[in-house]
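Okay, so chain A shows up in both of these, paired with chain B first and chain C after.
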Partner chain A sequence: MDEKIIEELKNIVGEEDVSTDPLEIYVHSRDSAPFQGFADVIVRPESTEEVSQILKLANDYKIPVYPRGSGTSICGGPIPVLGGIVLAMYKMNRIIEFDRENLMVTVEPGVICDDLNEFLAPYGYFFPPDPGSSNAATIGGMVGHNAGGMLALKYGTTKDWIQWLEVVLPGGKVIRTGSNTLKSVSDYDLTKLFCASEGTLGVVTKIGMRVAPKPKYYRTVLFYFDDLRKAGNAIVNVRSSGVVPAALEIIDRISMKTAGEYTGMDLPEAEAMLIVQTDGLVEEQVQREIEICFEAAKKAEPIEWMMAETEEERNKAWAARKAAYPALVRTSPATTCMEDMSVPVPKIPDALVKLQKIPERVNNLVSIGIFGHAGDGNLHPTFQYDEREPEQREAFFKALDIMYREIALPMGGTVTGEHGIGLIRAKYLIDEYGAEVVELMKGIKKVFDPNNIMNPDKGKPWGVIEV
Partner chain B sequence: MSEVKEFKGLSKEEIKKFEFLSDKYADDTFKCIRCSYCQAKCPSWEEFGWVSHSARGRIQTARGIVEGKLRPSEYMLRAVFTCNMCDYCLLKCPAGLPTTDIIRALKHDLAKQGYYVGVHKKLVERIQKYGNPYGEDPAKRADWMKEE
Partner chain C sequence: MDEKIIEELKNIVGEEDVSTDPLEIYVHSRDSAPFQGFADVIVRPESTEEVSQILKLANDYKIPVYPRGSGTSICGGPIPVLGGIVLAMYKMNRIIEFDRENLMVTVEPGVICDDLNEFLAPYGYFFPPDPGSSNAATIGGMVGHNAGGMLALKYGTTKDWIQWLEVVLPGGKVIRTGSNTLKSVSDYDLTKLFCASEGTLGVVTKIGMRVAPKPKYYRTVLFYFDDLRKAGNAIVNVRSSGVVPAALEIIDRISMKTAGEYTGMDLPEAEAMLIVQTDGLVEEQVQREIEICFEAAKKAEPIEWMMAETEEERNKAWAARKAAYPALVRTSPATTCMEDMSVPVPKIPDALVKLQKIPERVNNLVSIGIFGHAGDGNLHPTFQYDEREPEQREAFFKALDIMYREIALPMGGTVTGEHGIGLIRAKYLIDEYGAEVVELMKGIKKVFDPNNIMNPDKGKPWGVIEV
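And now, the complex of A and B:
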């Protein structure tokens, strides 16, 4: 990159907030997905005004810009594949205002999800979207991918809580979408358009969002099934019981085995484990709701169950689910990649059976463990392999083709429930929506970013590059 | 628009000299899923605010060395040696990586090849010259004792 541009960036943010050191470039070259790309410069803006000046400069010189939160994306979202500027939002991490009367909080994008909840807890509120990565993920990154989590069934995903956004567009113009009112239909809902836009339309610099009263009571019940179809029936029964549980999670046999070995827990031999949790402010209601869920799931003939009465038992019930991913990471030969697909809820058992067979179809060069948010059909098939071995890397990508093209999409599902498109899933979008819809999306991108500088050639299926 | 870049680091022979790191921890550096769980409260991240100076950054630095995409530099030394070995990252890592052992190996291998920071240089010189890190004359060692 031209030294003149680096100098201009230093003039905007100050010398100490610009780095071109190869080490800094290297540690910003990956997210949690198995791809890599090198920027020319990493910049740490501190204000909307600085972001605006950077986007003006970048637009004038047609330099790619990649907004970055904590880099925990698992799809290649923030990877600077075409060089250019990584806009690291680390310093824009202030909680600006908590309006207790309107129950809204205003934050900068670099605030970490858990830090926000720590701030809200003494007031009795919380921000419900809860990605497993909440101790690292930034609110900006959560908007970028519209992050969800275990509580999505009852509380929705990030976009359901965002009221308005301040966004800097390529060229430097600052806009504000949405409003402070709970209802408003006066626009095309640009707020939601930016949620999951993966930094391809503009840089989010302020976020206004609603908060919810923090539940006081929780009840949890755990079931084991000797047959995936029975587990599937239990999910359907719970969902149609009239209760909306806070969480309804599933773990398959392989993940259970790995998690059992990792935690030292003595888990029964079973094909699947289900966890149901209810929460709320009134103890009797939370208790009644779990009883209704319990009766509904029991009709599907579990082989064992445990109603967690105390907090200790609740933690025990969650231990295996929470250990599922770390256990797979620890037992992997090197690389672990958590994938993300969603199917209509009644299709979950079929999907699990087919997913478990994927390794055989690629000569067992990858292994798979599956867990996920059964209540909303969002599964996280997690692959283990060694990316240093070209054969295994190739098998991994073949496994993804099978998973998305032959399993998720024919079942009426989607290629990503919450992790985003980024690099890893871009090529499946035409399969999911068809060329016409993709053309429309391309048109939207052009309106916001005519020079294609924002996270270019990524997030959506044009000009996808292999890295 | 910029070209897709490649990063050139150490040669295979040079990597071998990072023996502690490459013998014991090469696989571990690849197991890091870059989840940043170790980053948020890493003291040197909080102080410097650059990823290179965080736990995640240091495990990635180790990977960069063993995969031949990084070479030692003054900046790298500062990034690595500002780790105070507090073990926060070790407690947080969901992959169960021996984070501080990896960082210790990185420090060890760097230092063994002569890459160390100014203050370490001074300590080594003093130890070589005086047999202690304080730069004090060993003959005066017992001076603190009063004569009876």
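And now, the complex of A and C:
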């Protein structure tokens, strides 16, 4: 990159917030997907005005810009595949305003999800979307990918809580979408359009979002099954019980075993474990709801169950689920890829059984652990292999083709429930929607970013990338 | 319109579903806003294939197309201002599939909201959005305007329940947006983009939507206030009580009086009435929540209150609220215009007081009754006047300018919470968002409808129309 541009960037944000240090470049140029890019420069703006000046400069010189929060994404979304500027947003991390009467909070995109909830807790409120990486994930990144999490079944995903956005467009103009009111139908829904746009349309610089009253009571029950399909059936039963539980998670045998060893927990021998949780402001309701869920799940013949009576027991129940991914990372030969397919809930039993058979389809060159938000149809099949071995890498990508093209999509599912398209799922976009929808997305992209500087060459909206 | 085109339309949908009868043209060319258009022809398709052929024809000949459900809109949205084709969707009214395990229902756009809920009731489910016109409003129209209603505070608006859409684009291509899964982030959110697009982007021909477990218990309490501002304060108190009630409605003195006379109900003398309702599956929860709301509202010093103990009493409480609009229509000299501003909830007390003073600002040439979904910030100030009297008509439009430009927008509100831009609020679009956002909307419109045949010359997305 031209030294002159580096100088101009330094003039905008100050010398200390522009970096071309190779180590910084390296760590800012990857996420948890098996890809590596190399940015030319890392820039850390601290205000909307700085972002605006950077995007004007980048647009004038047609330099690619890759917005980035904490880099917790796992689809290759923020990777600077064409070099250029990584726009690290983590210094814009102020909680600007909490309007207790309007139940809305205004934040900058670099605020960490858990930090926001720590701030809200004393007031009795919370921001419900809770990605597994909530201790690191930024709200900006959550907007960019429309993050879900354990509570999405009852509380929805990030976009369900976002009311308005301040966005800097390529060229530097600043717009505001949506409204500070709970309802508005005066614009095309540009707010939701930016949610899950993966940084391809503009840079979000302020976020206005609703918060919810924090539940006072929880009930959690664990079920163990000796058969994966039975566990799947239990999920379908709970979902059609008339109760919407706060969480309904599954962990398969391999994930359980790995997580058990990782946490030192003594988990029973079983093919799958389910966690069902209800929550609310009134104890009788939370209790009654868990009873209904319990009866529904029991019909699927679990071999064992455990009602978490205390907060300690509840935390223990969740510890196994939360350890599933890090435990699989630790036991992997080298590479761990968490995938993100979703299917309609009634297809979950079939999907689980088919997913477990994928490794034998690729000569067992990969292994698979399955866990996820089965209650909303979203599974995170997690592959272990060594990406340095070409045969294994090839087997992994073949496994993805099987999973998305032969399992998820024919079941009426989607290739990504909450992680995003990024690089890794780009080639399935046309499979899912057809070329016409991809053309429309390209058209929308062009309206916002005519010079294609915002996170260019990513799957969304192009859908043409072979990785 | 060329007779040849009428013939081609008859070839597509059959002779009986093409009408140029003047009376049919007249009634299909208006809604409840004070405007009248004149279509050249009314066409009633019965399938996606027919819609596709019509849009191909219209696109080839650049004929304007105005999709229309039951015409219950009140913003002038479906009015054929440039003549052309009114595409009456009410014959596409099949409930195609109810997947009880996936909790999703697939419908055609002409299904009436109440009919859908009648269908769902025996299964214990319902579709929560409930516009006042639910006995006539079509689901397609609800999608087109993103309809809200009495329950939006707790249950959200139409778009919160729509999972996927089948849409015919100008030119006739058929696309499907979104996913049958609860979560998906694989596309730009085209589904939400079509919601509230007011028929300007394409014609929705199938709708996949979630349903919710129908509450088993309700608690309803009425409050009467001798001061409008106190009633407004009660709303703010309830909203920040930690409970999200199912409904939180206000009716001002004029609306109460008119509705009381209309229904024969004996309502107390008061400046305002509030209705608060909680609902749920567990009686203790519903009871506890209403108690919390009750204590919160009481702090604002109501002069009287009444807890509806039976279903009959509850229905009676709602009868007054539901009669507000028809009663104001009946007592108007000629014209009744229900408006749709929203403000952040904490601004409701100020907004109420300022709204009531609008008539004296325009020499009392209009009168105003105020009611609406105050709990989510959305008020329906309803103007009575005679549109045949130029002076009164002028006063009405001046009243709108005052309401939107001097009250709603300076309070951080929006010019339409749930009714749409249509014709009547077109000129406030740039006031609310600025020219840049309107340019983006124009750009998006062009991507979907390059020849501008879909509901052309409406406020959204152009924002330039003086009515």
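Note that in this section the second predicted complex is superposed on the first by the 460 of 467 C-alpha atoms of A that agree within 3 Å, B and C clash if a C-alpha of one lies under 4 Å from a C-alpha of the other, contacts with A are read in each partner's own complex, and residues count from 1 in each chain.
Keep in mind that, in the parts below, a contact is a pair of C-beta atoms (placed from the backbone, for glycine too) under 8 Å apart; a residue touches a chain by one contact, two chains touch by 3 or more.
Predicted, not measured: the structure shown is a model, and the values here were computed from it.
Legend: residue contacts after superposition of the two complexes on their common chain; A:364 is shown touching neither chain B nor chain C.
When the two complexes are overlaid on their common chain A, residue A:112 makes contact with chain B while staying clear of chain C. In the superposition on chain A, no contact is made by A:315 with either chain B or chain C. Of the two partner chains, chain C is the only one that A:124 touches; chain B does not reach it. Contact with neither chain B nor chain C is seen for A:47 once the two complexes are overlaid on the shared chain. The partner that reaches more residues of chain A, of the two candidates chain B and chain C, is C. In the superposition on chain A, A:11 makes contact with neither chain B nor chain C. In the superposition on chain A, A:448 makes contact with chain C only, not with chain B.
Overlap of the chain B and chain C interfaces on chain A comprises no residues.
Of all residues in chain C, only 99-104, 124, 145-146, 148, 152-153, 156-157, 159-160, 169, 173, 175-177, 179-190, 192-193, 195-197, 212-213, 236, 239-240, 242-244, 280-282, 284-285, 288-289, 342-346, 373, 376-378, 412-421, 425, 428-429, 432-434, 436-437, 440-441, 443-444, 446-448, 460-461 touch chain A in the complex they form. Every residue of chain A that touches chain B in the complex is listed here, in rising order: 1, 19, 21-32, 37-38, 40, 42, 44, 62-64, 70-72, 81-84, 88, 90-91, 112, 114-115, 133, 135-136, 325-326, 329-330, 332-336, 386-388, 456, 465, 467. Within the complex formed with chain A, the residues of chain B that make contact are 1-7, 27, 30-31, 33-37, 39-40, 49-52, 56-57, 60-61, 64, 69-71, 73, 75-76, 79, 92, 94-96.
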